[in-house]
Amino acid sequence: MSADSLEVENLHLWRGERHVLRGVGFVLSAGQCLKVTGANGAGKTSLLRTLAGLMYPEDGSVRWRGVDARADLRTFQGSLAYLGHEPPLKADLTARENLHYWIGGRRRVDGAALASALARVGAESFADRLVRTLSAGQRRRVALAGLALCIVPLWLLDEPATNLDAEGQALVGTLIAEQLARGGLAVAAVHHELPVEPAQVRSLELSL
Amino acid sequence: MNFTWFHRLGSPPYTYALARRLTPWFAWPAALLILAGLWGGLVLAPPDYQQGDGFRIIYVHAPSAWMSLMVYTSMAVAAAVGLIWRIKVAHAAAASCAPIGASFTVAALVTGSLWGQPMWGTYWQWDPRLTSELVLLFLYLGYMGLRAGIEDTQRADRASALLAVVGVINVPIIHYSVTWWNSLHQAPSVMRLAKPTMAASMLVPLLMMLLGFTLLFAALLLVRLRAEILTRERTSSWIREALRA
Amino acid sequence: MREFLDMGGYAAFVWPAYAVTFAVIGLNIFWARRALAHARRSALRRLESGNAPP
Amino acid sequence: MATAGAYTQAAAAVPVSALEAVSLALRRDLTLAFRKPAQLLQPLAFFALVTMLFPLAISPELSQLRAVAPGALWAAALLASLLALEFLFRDDALDGTLEQYALSGQSLTALLCAKTLAHWLLTGLPLACMAPFAALALGAPSAALSGIVASVLLGSITLSLIGSIGAALTLNIKRSSALLSLLTLPLSLPVLIFGARATQVAISGGALIAPLELLAALAVLALTLAPLAAAAAVRISLE
């Protein structure tokens, strides 16, 4: 089996009249993190969604383990975790239920694992409250608990540290560091510094 | 098998130039056939022994009804090609079809009801063909509504293409169920000229009209296709040349 | 000629039917040409404004 | 350097079978629906209300109402299920759940099937349970009720499935309810025709089997094709 790697070549994406991605390319191998920066509207979210296979670029390719990701999209998508800039949580379910249904659809997960993930992100005090009653930062923490349970080789994170306090931002760094230490990859769109060991971080700046 | 022609058709500059060159080859024969069919249908064909001169509406009603169905089918085929192979030109063709088809569906409905008045004694009869035609009009309107509702061209292309394919699968089911429904209620079905016994002098103008309308559709499609390609295309070098020409 | 225009008493139905159909044909030709002219104009504008990518 | 194999060993996360994922999706939707019972009642109240309009608009004479009962019943059922369609994917699209479904590595078709099944359990099934009362109010004899329930049960499956395509296509269109009806109603006509016919036969006491078979055929056809189309439509809407 070839090593986990994400090779992106010459991505061009159009949204209506806008040329959003203009020849984006990078190579990322196991244990590396790509930090994507750029002004609002520079296409950070579009890049992540294109990498995830949600958007279809007009040109260019995304290769996973040396094979075009589109060749077997479902398997590729099963080996990635995507966290959009809104936490994918249902307002009318509790934090714990949300994780149960969200992560449970991807992997086996028992109550103990859920509890420890929630404890890890400091969410045990509000784990059984409806998400609609949680603050933006608390929701983000619940989403991070979900991410911590996504043991998959590729993480695609859109502004993972928004709405978080300093401690929460450090937590994002720890989670990414763990993912890299496992031999995983991460692509994170951020507008401030990622609290991750600089040696493992590569950078990509998107311009307007 | 050699699919080069298929890939070349997928290339906008090639299709644009081809459409431009082909248009007169469809437009003029269409005009000639329609004029000849008009002369044959209005002047040369004898009055029907039952319907008198009223039957002459068939020379515009039947071609319009044929257009409404043929255009929908063409649209669905183009849409499916665009959806499966992600060919922009095919989506452009599908988008060009809808207004043409919808307008001829309206023509078929109006001429049908104008034919109905002298034959049935009422402008509207829930006859299976007219009813199916009405449903078809709603399918066209839905397609155009969906297309207009989505701002992003690519997404509009793909969403409406899916709708066209779903619609074309449903058309025979709808037609069958409407016919079945109609047979239960025994409504009169008058719009049935005795086809096999139709005299050649009546039939030939009809065939000319059918062919003429089909060629007219091709010509209209080619012109609209060029417009759609121009609005979609982003590589400007060939556009500059195409516009200069 | 009058006989022809009278259409055996069906003039009130035959002629409107033909009129509607040929109006639809005429409108289609007009719309198609207008769409093309419009697309050409906006493509030219895009080229001139230099907004279009190479 | 870590390889794919190394990652898998470290992970040891047990994957989920498609069936488990589907049942989880189903349970999620049911749980959510019962947290908002008012939303569940709306289509039913609407159905009752529309049924009530007919006696008021036509005549209180049961014998007259009986003649229009099949049409009234099915038009009301069609409109009620249309009303409920708007909730089918809307919330999931807004909060990112659909995105996660599409990226879950499970078959999106199967997951959407689960969602549509949940939708049918919450709207089609209650409609079928209410149909006999509406039919009685419109003058149907009590012998006809079982046939009416059967026809609404079968027909509403198809309505939910066709509706799922329309709902998926209009996902990110603002104020889409009129468009949703324009897309869905023409496709639903066969259900209306066969369903009303079955109801009519049930009321007049004829042989029900033929129209019910036609309804079942439609349901099978919709069951095989609609989830594929809905999944494709959701993917297009997420693009």
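Residue numbering begins at 1 within each chain, and the chains themselves are lettered A, B, C and D in the order written.
As a convention for this text, contacts are C-beta pairs under 8 Å (C-beta built on N, C-alpha and C of every residue); 3 or more make two chains touch, one makes a residue touch a chain.
The shown structure was predicted, so the numbers you read here are calculated from the model rather than taken from an experiment.
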Chain whose averaged C-alpha position falls nearest the assembly-wide average: D
Which of A-B and B-D has more C-beta contact pairs: B-D
Per Cα centroids, the chain farthest from subunit C: A
Subunit A and subunit C: spacing of chain centres that average the CA atoms, whole Å: 53
Where subunit B and subunit D are represented by their mean Cα positions, the distance between them in whole Å: 33
Length of the line joining the C-alpha centres of subunit A and subunit B, rounded to whole Å: 48
For subunit A paired with subunit D, centre-to-centre distance based on mean C-alpha positions, whole Å: 34
Contacts with two or more other chains, residues of subunit A listed in rising order: 19, 56
For subunit D, residues contacting two or more additional chains: 239
Overlap residues in subunit B, where contacts from two or more other chains coincide: 154, 234
Complex interface listing, subunit B residues touching subunit C: 34, 42-43, 47, 52-54, 56-57, 60-61, 63-64, 99-100, 103-104, 106-107, 110-111, 114-115, 117-118, 216, 220, 223-224, 226-228, 230-231, 233-237, 239-240, 243
Touching residues on subunit B, where the partner in the complex is subunit D: 83, 135, 138-139, 141-142, 145-146, 149-150, 154-155, 158-159, 162-163, 165-167, 169-170, 173-174, 176-178, 180-181, 184
Subunit A residues touching subunit B - in the complex, by the definition given at the top: 14-16, 19, 56
Subunit B-facing residues of subunit D, complex: 165, 169-170, 172-173, 176, 179, 182-183, 185-187, 189-190, 193-194, 197, 214, 218, 221, 225, 229, 232-233, 236-237, 239
Touching residues (chain side subunit A, partner subunit D) in the complex: 1-4, 29-31, 52-56, 65, 74-75, 77-82, 84, 86-93, 97, 101-102, 104-108, 151-153, 182-184
